[in-house]
Amino acid sequence: MPVTEPDIVGELQEREPSGYLLASVRGVGQVDLQPLIWTGLVILAALWSAGWEIGLFATLGTLVSTATAYALGVDRSNIVLGLQGYSGCLTGIALVISLGHHPATYVLAVTGAVLCTVLTATLTTLLGPYGLTALTAPFCLVSGVMVLGAPSFSRIWNGAPKQVSSPTSGETAISWDDLWHAFFTNVSQVFLVDEWYVGLIMLVGLALAGVRVVLFAAAGSVVSIVAAWALGAPTEQIREGIYGYNAVLVAIALGAVFLSGTVANGAYALFGAVASTGLTASLTSFFKPFGGHTFTWPFILTTWALMAAVPLLPRLRRSD
Amino acid sequence: MPVTEPDIVGELQEREPSGYLLASVRGVGQVDLQPLIWTGLVILAALWSAGWEIGLFATLGTLVSTATAYALGVDRSNIVLGLQGYSGCLTGIALVISLGHHPATYVLAVTGAVLCTVLTATLTTLLGPYGLTALTAPFCLVSGVMVLGAPSFSRIWNGAPKQVSSPTSGETAISWDDLWHAFFTNVSQVFLVDEWYVGLIMLVGLALAGVRVVLFAAAGSVVSIVAAWALGAPTEQIREGIYGYNAVLVAIALGAVFLSGTVANGAYALFGAVASTGLTASLTSFFKPFGGHTFTWPFILTTWALMAAVPLLPRLRRSD
Amino acid sequence: MPVTEPDIVGELQEREPSGYLLASVRGVGQVDLQPLIWTGLVILAALWSAGWEIGLFATLGTLVSTATAYALGVDRSNIVLGLQGYSGCLTGIALVISLGHHPATYVLAVTGAVLCTVLTATLTTLLGPYGLTALTAPFCLVSGVMVLGAPSFSRIWNGAPKQVSSPTSGETAISWDDLWHAFFTNVSQVFLVDEWYVGLIMLVGLALAGVRVVLFAAAGSVVSIVAAWALGAPTEQIREGIYGYNAVLVAIALGAVFLSGTVANGAYALFGAVASTGLTASLTSFFKPFGGHTFTWPFILTTWALMAAVPLLPRLRRSD
């Protein structure tokens, strides 16, 4: 997210609506903290390959969030980098998965995408003094609140079409087949999708963003599998990517975006990836009694905590 | 709350205890964010009309909170505007409703009112850097903690006399009779009272504070009814004002107090009123497992979130 | 914690590893907010007297947290005062009590102690602008998350060896025998130990730190017993120190460390001690549905709230 690419920004501000569409495509890539247009395009293709409903709602959410940012007068250089679209993208996906494909879901997705843009501004104000960014917290807040409240409203709730996720006890023996599935679904679960080929396409998109990005994404996926196995998590959950998508995001964020490329920083990033793996189980237990959702909270909380610590830990250094 | 009325302040600082009594009456009006003495008086009368227990505990809470502020040396110009009394007012009402009319409830109401003044200072310190105010959060924190802890203590707990509120599933067909009841109880439920005539008297008090105040209160009530009906909330809950009192407060706060009087700001205020209506169901689901209470949290969280976003949304403008 | 002892600091920075060991011993005393080396030694002896497992894990946690602080380059003058060790100390104890004495518990205790040092930096960054310190929050966060997540992981979870604590309804008649047991266990429960003689030894350690420290520790213990009895808490819980250890910490923190020694400040400290006693029941009810733990949260939240209020309450004054 700190990537500024000043010439691209200047160029985009000139021409609309292509500027709007480009900003939206970048928004899809910003879910993985990458502003590169090609990364966004490949990930968008991966989402459509996962199913037309997921592709459609991801697209809808991103477009509405980005348009809302224009309408409310958000700083233009921030919009063109896609920083106003990624929460709407995830909110669209989360709502269609949690509530099913119904007319009311379209209304909620649009409302949710608008709210994401407002909450992005809220969190930017609140976190700014600490040098932290909103990450995907607007998505987690908006989708969490909507999915939590939905069963109270008869014109919205048509019964849960599918449970989003929850670690339970289960078999812990792991096979080679489980391992490589987990490696890719850890990447696709960032977008709430558990298809290995979707994760593979997304890794290609991340590779376009740079070697360091894809290496840390892969390393985050690997260490989370090792950690989850060593702790004794159920194989079924590991295979579906439940224990790894937060680690992938933490590894990208700390390893390739927010911290400079030193060995100590890299070790810190992977330590964070492991911590987020354990935190996933704790947060899921926390959310269970009241029906909340884990979403990307483990990534967000881990990254905020580890980034806020950096100013007092001189062995580590921010990238900017 | 930003209304300063400097001459009145100067005048009040001279003579006590009439200054103390006036500050307390204003405190009752500040629950609806209005410092006008006549608004406070009319609302206080409405509370006594709802029942002597409610009137008594509202009065007791306001007097103790305000007196505590004097004793602890809180800035005098802040006290005389009633800003130290409104949380105590609501805490008194919430405790007598939740715990029943017993000797122990008086002790708790006094303790709670003292705590409200301390927590008002706490939140002012914490929120000040963001340009946010405490709103009714001291009330929600103190009453929430006390009601949550009460069943553990045998000398306090006499069994719940009445459930404060909780949306459940139910009939969603709505009649004209339901509609006008809801319109008024949305206003009275701000003070945890579900009598339509109490809401009517309070609206008169708000009208004294200004046309814009009463119009936004009414508009907040209307949009919350429309939103709750459109979402499919149970009619019983809508009629009792459960889904609308937060919307009334949000509409007053954003539409008539904190933001300037532009069309965009007005639309933003009503958008917030709708958001708080949905948030009410989510927070009630969140609080249910551990026995917490929704109180005015939807209003507080919505107003904080929307106000903190304003500095980054140039289409909107603060009133000061 | 504001005690600086500049000459001792200078002296310690010279020679290692004795400086490392002294910093760790001070870390044990800093659980009670005391940097004095003798206090740390006496408390450490008390912990070993409570059982070799508790003594061992307290020592391990303190040593690892302190070593991590050196490794990450935390400010040296902060380390030598023991401010990087106390959360690791408590985390070690909490994990061996909650998870039992197993090989995996050693791994978790080391990981947890490392995380405590990171989170101490995180909270120092976040709380610094408000003049607040981390207190034992890193311990509560790390231990809370680990104990909450543990049952999801089959290679960690061997069944709960003992329930850490939870107030339930019960007999409220209280005898002299209950009273003096409670007085001492209130002190030992700060370290999750409910043996009266351990509390007695710890009080001796606190007496070495100064008359004011031990007097406020004792006063906090007494007012919490009176408050818990007056509220009607179960005698069994009072006797085991469940309702009093937070009050002891609040009384020490506000009465003898953070505020200057005036009568108003002393009354404020004991008011806080009573508030934390009530808050203990509320937080335990809050944590129950999802299996979280109260630990020292009532102390932390009460102290943060009351300290953040001080700048706006001129009758009270900070010690520095």
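A few notes on this one:
Letters A, B and C mark the chains as written, and numbering starts fresh at 1 in each.
Simple rule for what comes next: a contact is a pair of C-beta atoms (placed from the backbone, for glycine too) under 8 Å apart; a residue touches a chain by one contact, two chains touch by 3 or more.
Here the structure is a predicted model, which is why all the values come from computation and not from measurement.
Common neighbours of chain B and chain C under the contact rule above are A. Residues touching across the chain A-chain C interface largely differ between the two copies, under half of the numbers being common to both.
With centres defined as mean CA coordinates, chain C is found 36 Å away from chain A. The set of chain C residues that touch two or more partner chains comprises 129, 289-290. The part of chain A that touches chain B in the complex is made up of residues 71-75, 114-115, 118-119, 121-122, 124-126, 129, 144-146, 148-149, 151-157, 289-292. Contact residues on chain A toward chain C in their complex (touch as defined above): 129-130, 167-169, 172, 230-234, 271, 275, 278-282, 284-290, 304-306, 308-316.
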